[in-house]
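Notes for the one structure printed next.
Chain nomenclature is as follows: A, B, C and D, assigned in order of appearance, with residue numbering initiated at 1 for each chain independently.
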Amino acid sequence: MTFTPDQLEQFNGNLLYATVGIRIEKAGDGKAEALLSPPARVCWPFPGQPHGGVLFTIMDTTMAWAIQSVLAKGLSCTTIDLAIQYLAPAREGPFICRAETTHQTGRLAFVRADILDAQERPVASGQGTFRIIKMDFLPNS
Amino acid sequence: MTFTPDQLEQFNGNLLYATVGIRIEKAGDGKAEALLSPPARVCWPFPGQPHGGVLFTIMDTTMAWAIQSVLAKGLSCTTIDLAIQYLAPAREGPFICRAETTHQTGRLAFVRADILDAQERPVASGQGTFRIIKMDFLPNS
Amino acid sequence: MTFTPDQLEQFNGNLLYATVGIRIEKAGDGKAEALLSPPARVCWPFPGQPHGGVLFTIMDTTMAWAIQSVLAKGLSCTTIDLAIQYLAPAREGPFICRAETTHQTGRLAFVRADILDAQERPVASGQGTFRIIKMDFLPNS
Amino acid sequence: MTFTPDQLEQFNGNLLYATVGIRIEKAGDGKAEALLSPPARVCWPFPGQPHGGVLFTIMDTTMAWAIQSVLAKGLSCTTIDLAIQYLAPAREGPFICRAETTHQTGRLAFVRADILDAQERPVASGQGTFRIIKMDFLPNS
């Protein structure tokens, strides 16, 4: 399913996203897009630059939304593993993360994602493997 | 160098660690150990369970400390890439992360880490590759 | 540099490629493409299906060519780490591997690759991190 | 089950292992050990040094044996993904690979492995995620 702006809005209010500065923008057809506007509390050790763990968090999250967007009702997903590469310092936000499902079987989904800075320069890349589980939709990330 | 409790204390006060609930316990001889006591704001979507990105954040952080503990003055490190596996739900904290440098060359360091729950059951495992850079010590995580 | 068919031909004659069934088809502009026609000796345990290590070998190789295609004379590259995902059984060859450099700094190059079967169905995906070294061109793979 | 030398011997005769130079030495209790004596045909571009894909092949193989050693009859495993780090040039063989299962659920197994050279110096490290499948034992690697 393609999520409507209203549906996304519900999730965008959660405490984790608020803490880290994540906002899901789109999710549909196995793809998703999210925006990271990191507050000072997650920019350490370099002021203004989100910690690598924060970049990972939005990547994992956006991947989960990309998968969720093609799952049937009653199914959700959870990360098995994720490999992230840090290409360049994340200096100029807001950052955008785009994720895309590359393959899906009955129980597994494979995803790729990129994070770009405000100038569309690549900041991080990653690939993740997720398990598809029976659970009413509650994105795992 | 093996960091003294006082030196660790200085870093443990930073805003990111406070936000996420990280506390570095030990760092010396290429190894480090950190404790994760995640506040509610980073436990989503499951109450009481830190988000996968939070587990990643402490893993990346602990790895960086393990490397830093054997670097000469004037050198620091920064993550090139990190692959994390989620072995089991992170239900019962506080969680402990232990990292160990597996190999180091002039410019690169390779590290492994495990996260265990309060019962010492494995929750996540990972391996990271870090770049060694000229920079006065400011742990990148 | 974009390699000419004659230049590629020289390398395609090497013993490893012959053993595994690899043939580099194109390399230029940070991209490369290679063909895998695996002989029976590397198809185990399933007859006709190349072992996962063989898929990895062509992926690593194609990535190295993608990077090499944009390096100056006197430089070469060597794999630091590579994460591969197996999406589906590799049943119907020949297989094609396409690699693309996603980012390059003075000393590091980041690459992605996909392997498809004869019907262009995805079989494997991967991302690699390479070190750029001073060495006359001898592709490391 | 712990495999007996006779059982291992049956598998050690397969064509892939012979091509690449792999010999499984031990497999039991979630651990396995294999020896790599690479013939010239897989040592390229550096004479005497096995290609990175060959190191990967023995790692994937040894991991699969580690898992297989604790599976019930009628079950086998297949690689979902594997991340390998190359720590140092693989100059002096034979090489030994040791793998160990770090966690196992009903459907997934997580493994780590190291490859050492003849002086027990680390050459490569890795972590893999495997799917457990219903299939009479035919190690996937």
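Just so it is clear, contacts are C-beta pairs under 8 Å (C-beta built on N, C-alpha and C of every residue); 3 or more make two chains touch, one makes a residue touch a chain.
Every value quoted in this text rests on a predicted model; they were computed, and no experiment measured them.
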item: Pair in C-D, A-B or B-C that repeats A-D, with over half of contact pairs matching by residue number; value: B-C
item: Inter-centroid spacing, subunit C versus subunit B (mean Cα positions, whole Å); value: 33
item: Distance between chain centroids, defined by C-alpha means - subunit C, subunit D (Å); value: 21
item: Where subunit B and subunit D are represented by their mean Cα positions, the distance between them in whole Å; value: 29
item: Set of subunit A residues in contact with two or more other chains; value: 80-81, 83, 85, 129
item: Topology of the chain contact graph, where touching chains are joined (line, ring, star, complete, other); value: complete
item: Subunit C-touching residues of subunit B, taken from the complex the two chains share; value: 80-81, 83, 107-108, 129, 131
item: Of subunit A, residues touching subunit B in the complex; value: 14-20, 40-46, 51-54, 56-58, 60-61, 78-86, 138-141
item: Subunit C partner contacts - residues on subunit A that touch it in the complex; value: 83, 85, 87-88, 102-103, 105, 110, 112, 114, 122, 125-127, 129
